[in-house]
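You will see subunit A twice below: alongside subunit B first, and alongside subunit C after that.
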Partner chain A sequence: MGYSFDFQSVSFGPLWEGLIVTLELTVAANLIGVVLGFPLALLIMSRFAPIRLPAMLFVEFFRCTPAIVQIVWFFYCVPMLFNVFLGSMTMGILALGLNLMAFNAEAYRAAIQAVPREQLDAGIALGLNPLQRTLHIVLPTAVRASIPVLLTNGIGIFQQTALVAIVAVQDLMYQAKTLATETYRPIETFTIVALVYFAVSFPVSQIVGHLERRRQLMMS
Partner chain B sequence: MTMSFSAPLVKIQSLYKSYGPHIQVLKGLDIEMKPGERVVVIGPSGGGKSTLLRVMMGLEKIDSGSISFGGKPYISSEGADRKTEIDSEVRRSIGMVFQHYTLFPHLSVIQNLILAPCKVRGEAKASATKRAQALLERFGLGAKANAYPAQLSGGQKQRVAIARALMLDPKLMLFDEVTSALDPELVAEVEQVILQLAAQDMPMMIVTHDMWFAKNIASRVIFCAGGVVVEDGPPEQVLGAPKEERTREFIDRVFHIRH
Partner chain C sequence: MALDFSIILRFQDALLLGLWTTVKLTLVCIVLGCSLGFFIGLARTSRSAILRAASSVYVEFFRGTPVLVQLFWIFFCLPLILGVELSNLTSGVIALTLYMGAITSETFRASLKSIGPEQLDACVALGLPRRVQVTNVILPQAVLRAVPTLLSNCVSLFKESALVSAVGMADLMFVGQNISNNTARPIEVLTVVALIYFVIAFPLTRAVTLVERRVLAKLAI
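Our next item is the complex of A and B:
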């Protein structure tokens, strides 16, 4: 193989700018997913079918279609159907955020169902009403129990942000594609970009492992 | 709450409770409890003891019957629709401690104690904290106020659970096998706390398998089996010289090891 590597010609400026955009997308999507995922979980657990069924449909739509289709749909179909376009960054955040919200809702649902019955009995015996039991017992217990899954989903969305490059959001992947085309150095560029994604994701996955071990200790 | 001198503290009338169509747990239970009484409920597993306490706390629906507290009916299911009606205002006078430690794991000891007073009664945090600290001192847990449940022994957790229930100034305490999940060496410290409450004339209903404890704390013992009251009397009678054959068999079996 006669390929000679040349990392010199890859300029880091655009990649750095791209990384900032990628991180902004990740943080914003996670804010939507973490905050709104919980009420969505309560909706999909509702005993009232007219509330439960649309919420379940929402979750299943995002879980059962490819993220790239969701993003494309958001960018091209939403503006055509509803005559709104909020800028590519905002649309990207919404698409990723709603996707994460659906996945996080499932994480919350599992954690809510794992809250021991005795905890709720104690809450009733102490006179807490259903809303107080949800806020002071279910929410904190379930959020804590779902942190490892939320982090895993969050880091998943960080990687999924690469998909918005195809709809012209200037994230890390978009900058990499541009740079690779300009410099004719795709191998170097994409190797560096892969390393950047890895460098952000790996510590978080280590933290997840640590939290899960600690939680097992706490529960034993 | 006003109550006339002769009025029972608790009056349970023909209480029926089943789980699903086939498991009938309570089959027409009638119990009257006078103010100041300490009733210990004993009996074989599945005899309805724990269910009785859970029903009294409003944790289970009933099929039919009624329970009143201080002369006020607060749980009933007598209408045609068989819906269990619970008056939560009256129920708030009753405190309960469970077999499995039910402390909230994300809250410190003191936060566990003040949660209900602050949220349910709207008590100021400072005043609730002061009362909680005093209660913890009384139970020998003063140094544990800021510890989390995971840092406590089983006996300490149960004592905190008792303190938490007392924060709401209950007029009746229900103890559901509170020492059954404890290591043997931790049982005494929890029983001591309950005896301490008994010395202050706290009315209580206790479900326990610990006959030594039953003998020491009861002013009255009820033997419950098959969902009905089989025998009801002073501890010397029910535990010492039972009149009913079924009670005698049970007592013989339980005390078998010691004889």
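Our next item is the complex of A and C:
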């Protein structure tokens, strides 16, 4: 092997800035996904077809097309179709947030369906109206039950943020690409960047594993 | 703005060629990735600590980093390290196979775990050698139970395969983007590309639910 490693030539300044952008994208997309995913789940489970079908179509569309296609589509087509010109950061957040919303809606739906029937019956017996039942019984139980999946989806979107580099949002991946071409040090740059992504994802996935094990223990 | 979807018909052949590349790439990586995943799944439950540690590092690393980064790493760094030229098809296949191996190994591991210890006890009681235990008792059950999740892993792989467009492989996404850039008609072209992906992935996800019910009913679990 004739390659001599030189990790010194990788400047950490741009990578650090990129990581901040990546984290900002992740947090903002997660806010959209976690908050709006729940009402979307309620729409998917609605008894009225005109409400349910468009919501289902929305979810299935995001789940069944590649994220890169969604992002490129969003960046090219939304400005043309709706005549709105937003900053690339806002666009990135919206595209990733909508994607996460669809995935989280599925997580919430599974959790809502797992809320025991008796609890709802008890709510009716106590004279709570449907809104109160949703807010005070279904919401807390379902949200708690879906936390592991929400976290998994959250890291998933953290990894997907790398895709916005393709549409020139200056995230960690974008900085890595620029740095690798400027310094001719692809191995060092991409290895460091892979390690950075890993260092963020791995602890979260360990926490998810821990939560799931604890949950299984509680159930048995 | 006037939309003109007839433009798609003009580029029909190019899009179909791109789709064919996507499908070929996906199928090759499904076969290679599932085989790799099965052995990694076994390695993760192995008695040897070295095998367990090595396979865990591999799986966690590939699950903990973006596929795009993996793809770039293999595309730009592997040829430098190995000192050989890799075509973008080869790097695409390597990257997606390694990704598929990591996610399917988790599927196999879970299905191996679901086989109760009483089965192994029965094997011991019957005096079956280790090899027969694996091939005739554990393998068939593990594979059957893994089928629904494997199918959804395949859908994930199909979607992730669109990333190879970022390293210049002429798959459906790459062709679509090229046409859209050259004709300045992103809305028509990119929408159709998204629809093509959807039309393939959506029935597959429905099949997952169907198989799940069938397999679960058959195995009575």
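Keep in mind that, in the parts below, the second predicted complex is superposed on the first by the 220 of 220 C-alpha atoms of A that agree within 3 Å, B and C clash if a C-alpha of one lies under 4 Å from a C-alpha of the other, contacts with A are read in each partner's own complex, and residues count from 1 in each chain.
Heads up, the rule we're going with is that a contact is a pair of C-beta atoms (placed from the backbone, for glycine too) under 8 Å apart; a residue touches a chain by one contact, two chains touch by 3 or more.
What you see is a predicted model, and the numbers here were worked out from it, not measured in a lab.
When the two complexes are overlaid on subunit A, subunit B and subunit C sit side by side with no clash. Using the contact criterion defined above for the overlaid structures, shared-chain residue A:201 touches subunit C, although it does not reach subunit B. In the superposition on chain A, A:118 makes contact with subunit B only, not with subunit C. When the two complexes are superposed, the chain touching more residues of subunit A, out of subunit B and subunit C, is C. With both structures placed on the common chain, the touch criterion links A:137 to subunit B but leaves subunit C unconnected.
Centres of mass aside, this uses C-alpha centres: at subunit A, the angle toward subunit B and subunit C in the superposed model is 100 degrees, to the nearest 10.
Of the two partner chains, subunit C is the only one touched by A:177; subunit B is not. In the superposed pair of complexes, A:163 makes contact with subunit C only, with no contact to subunit B. Of the two partner chains, neither subunit B nor subunit C is touched by A:85.
Of all C-alpha pairs linking subunit B and subunit C after the chain A fit, the shortest spans 24 Å. For the contact definition in use here, the subunit B contact set and the subunit C contact set of subunit A share no residue. Subunit C contributes residues 1, 60-61, 63-70, 72-73, 76-77, 80-81, 83, 155, 159-163, 165-166, 173, 176-177, 180, 186-187, 190-191, 193-194, 197-198, 201-202, 205 to its touches with subunit A in the complex. On subunit B, the positions that touch subunit A within their shared complex are 54, 57-59, 88, 91-92, 94-96, 98, 100, 102-106, 115-116, 119-120, 150, 161, 164-165, 168. Every residue of subunit A that touches subunit B in the complex is listed here, in rising order: 116, 118-119, 121-122, 124-128, 132, 136-137, 140-141, 144, 218. Across the interface of their complex, subunit C is touched by residues 1-3, 60-61, 63-70, 72-73, 76-77, 80-81, 159-163, 165-166, 173, 176-177, 180, 186-187, 190-191, 193-194, 197-198, 201-202, 205 of subunit A.
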